[in-house]
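Everything on this sheet refers to the single structure shown next.
Order of writing sets the labels: A, B, C and D. Residues in every chain begin at 1.
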Amino acid sequence: MKKLRYGMIGGGIDAFIGEVHRKAMALDAQFEFIAGALSSTPEKSLRSGQELSLARNYASWQEMLKSEQALSKEERIDFVVIVTPNHLHFPIAKAFASAGFNIVCDKPLVHTSQQANELKDIFQEKDIVFMLTHNYTGYPMVKQARHMVKAGQLGKIRKIVVEYNQGWLANNLAASGQKQASWRADPAKSGIAGAMADIGSHAENLLSTISGLKIEEICAELTSFVDGRLLDDDANILLRLENNTKAVLMASQIAVGEENNLKISIFG
Amino acid sequence: MKKLRYGMIGGGIDAFIGEVHRKAMALDAQFEFIAGALSSTPEKSLRSGQELSLARNYASWQEMLKSEQALSKEERIDFVVIVTPNHLHFPIAKAFASAGFNIVCDKPLVHTSQQANELKDIFQEKDIVFMLTHNYTGYPMVKQARHMVKAGQLGKIRKIVVEYNQGWLANNLAASGQKQASWRADPAKSGIAGAMADIGSHAENLLSTISGLKIEEICAELTSFVDGRLLDDDANILLRLENNTKAVLMASQIAVGEENNLKISIFG
Amino acid sequence: MKKLRYGMIGGGIDAFIGEVHRKAMALDAQFEFIAGALSSTPEKSLRSGQELSLARNYASWQEMLKSEQALSKEERIDFVVIVTPNHLHFPIAKAFASAGFNIVCDKPLVHTSQQANELKDIFQEKDIVFMLTHNYTGYPMVKQARHMVKAGQLGKIRKIVVEYNQGWLANNLAASGQKQASWRADPAKSGIAGAMADIGSHAENLLSTISGLKIEEICAELTSFVDGRLLDDDANILLRLENNTKAVLMASQIAVGEENNLKISIFG
Amino acid sequence: MKKLRYGMIGGGIDAFIGEVHRKAMALDAQFEFIAGALSSTPEKSLRSGQELSLARNYASWQEMLKSEQALSKEERIDFVVIVTPNHLHFPIAKAFASAGFNIVCDKPLVHTSQQANELKDIFQEKDIVFMLTHNYTGYPMVKQARHMVKAGQLGKIRKIVVEYNQGWLANNLAASGQKQASWRADPAKSGIAGAMADIGSHAENLLSTISGLKIEEICAELTSFVDGRLLDDDANILLRLENNTKAVLMASQIAVGEENNLKISIFG
């Protein structure tokens, strides 16, 4: 079986999630990491690639796109993995999709529904394989839970409580210049939501994936507890799902004492 | 040190919580259980008292009130413990308070604010020591938590999540005639609330006791999941407390798999 | 049902286990605590009894024996509970048994087999109900485990590992005069074994009670880790039981970090 | 940084530990897997290599040795990983070491001290980098424990209890032909010890690695509980280590209910 060859955008020195993607793919032993534009400046990108013995090490995603397009179909990457801060997901996905590359992209894909529709049209026109990564749904226990619900082992689902708690933004970490906190705190990079976009989206994804139920009504209490923070850092939401199912979704980044605590209870 | 002597109303054969009160007082070794009208019929009351070698065993709370009143101050009980179904709390408390007896009464004391005010007036006029039992606040860990909040060890309280889950009413248990389920399912005996009165009140009590904060706004989703049930069996509530503290309160008696699971998280 | 009335020897001010016995009996609501000689000096004994509102409060166990004997059968205590340091178990049990009183006594009953046989003869001659308390075997989970083994649910028992770990004697606590540590460190009061007598005996009792198997061979490593300690504070023992069952028994009072950790694994 | 290229012997279809080695190396992203003789027959070896897209896929380790030796230093593998059943560790290690290849080999390296000395001489003569894998010592928590002991944070070590329990050999699994059980049950392949070689060796390794103490005296009870089994399936051992440290080592493969439970307690 031939291995699939991929390139990565983002995931260099100081990055958080790119290495997780690379390790996960390495565990499967069916992928080769051969190209990348790994950081936000040419210098940092090239240095990051050298540390990883990267075969085709590019200074920017624009250069990478141009060079990979110029290669033969046999030589070029089979797909590109986008693991940049949120605001770059859309332009990079649009550029690579337009050039016919398959894409794996971190959530959230876009900041507006209009952008989402624009990409959808390109994916269809170019017949692109596109995958948005919500990592938690990949766990065997989640797949098993989804299967149990689907198979009716819990009967009709009455109530769901899903909770994603972190405490690392309980203080104004962005003010210190910490990279991960800084772009998340900036609406121009992170989008219009804070904790809800960053981790509430995972909670919603887990709820939807396991239950298979659509959300019909929302009553949300979003709060920004830290002085000067522009986006929500805490969310408590009452949900009404299809079929008279009630749910509570909580997501917090000011939950002191919690590292990265995602849990879901489903009552049938 | 002289032991305090008490009488109990309710808590006989088939009862649930009366024995818990008696054991808790026995552990303290400062109380003597000497009188009681332990059940809803004369026959069952007397039989219950015999099984417990009760010194002054009455057929009804009315008889008990009359007889104890007739005794000298040295002989009569020091206080009465009311552990009947909810709807009897008010008339019994009113009668014994009016006769000058001190009272320990299970929650909820009354079904309406008018009744509460009426009792308050009698207690003050007669100089009664009255205690409403919310058992969970007696635990050392709860007292410690309250102390930590009060002492400022958590700083300003930002968020509280309190949850009380049981699964024993996931089906229509009252239809089977089970005693504990039956009176709880009947609005005439239980009051206008179901799960919220029975266990949500404990969750609220825990939140208020530990945080010391008043509730200012409520957004509640109450559901009755079981066909034919007249009262709520599941509640999910967003709360705004004083001082910009946000809270979520959940109480459910259809949470299959949970026995009696009360927990609270407080984030400062 | 008439309550049984008991007297206690030991268990006064500064004592550890006497109050545990009293609370356990109070929970059952079938006992009355009416007499006692609660400490090692007349003054401390009387003061202890006053604090507990004890009806018949004696200065010494000798006085208690004499006075209770003088009472009518209806008035005198139904049984005596002996909760003194180890070396007094034998003389007190002998004296009360000889006078015809039923006895509940803490382990270890005696320090030598000769003493055990002497008591056995008195118990039989006087037709005494005698109970030696090994508290852990009273737990429902232990009874359930014993039942499961007996019922053959585990098949033939192959291996047992039982472990009782405490850390409170990791240092020379007796040197500080702490009461509980002091008598345990003194061979004249504690007997010829230290950790093995104090807690290893509970481990052995648990193993024997649950498995129902007799010990046939012993290979023991007893150590006294603390300088100046005369008795073992750590024991690791290989056991061969009946029916080719192998076991490991560990008991330690120098296991820093452990409070009172008793566990058993049984493999069939 | 250039990646190191390795070949593997064993670890093909039906194998257990080879894939674990490959995944562990893949996580480090500093190794390339380029050659192998992955199973015990030519047909199975070649099929295993094809499934893994192996660049240089050999039918046997003898062929692999011959071919890799014939390659230039730049082309040949940097080291070989031996993950076969126990009895092949020695001949393969001897052959590859004699030819100058660096070696990673699973435990146990040999069955006799004579074989160990023979290999030691070859490694020194040929200046081979040789690594014996005891996987558990690679965990950060184990390294931290070792560091804490070394730094004196626990003071003088008094007692160690190490336990490795599995239940998968509680029945005569080898009789069913199951591959993993079969070679372990055969003294010719497994060596003179059963559970002690297979997992007791890990327990010993953990104890020695963390404590840094040498074993001075051993009192061992080895048992073979399953009818017809030639090697021990349960071991309980009292140890005396340097410096008056006492230890208990238990290893069992008949511990029904345990999957793969390794734990160690160290008391200072």
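Going forward, a residue touches a chain if its C-beta (ideal position, glycine included) is under 8 Å from a C-beta of that chain, and two chains touch if they have at least 3 such contacts.
Computed from a predicted model, the values in this text were never measured in an experiment.
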Chains contacting each of subunit A and subunit B, listed by label: none
Averaged-CA centre spacing for the pair subunit C and subunit B, given as whole angstrom: 39
Euclidean distance of C-alpha centroids - subunit A vs subunit C, Å: 61
Inter-chain centre distance, subunit C versus subunit D - centres from mean C-alpha coordinates, in Å: 48
Shared interface positions of subunit D, touching two or more other chains: none
Arrangement of touching chains [line / ring / star / complete / other]: ring
Subunit A-touching residues of subunit B, taken from the complex the two chains share: 158-159, 161, 163, 167, 170, 219, 221, 223, 225, 234, 236, 238, 240, 244, 246, 248, 250, 252, 254-257, 265, 267-268
Residue numbers on subunit B that touch subunit C, as the complex places them: 1-3, 22-23, 26-27, 29, 51-53
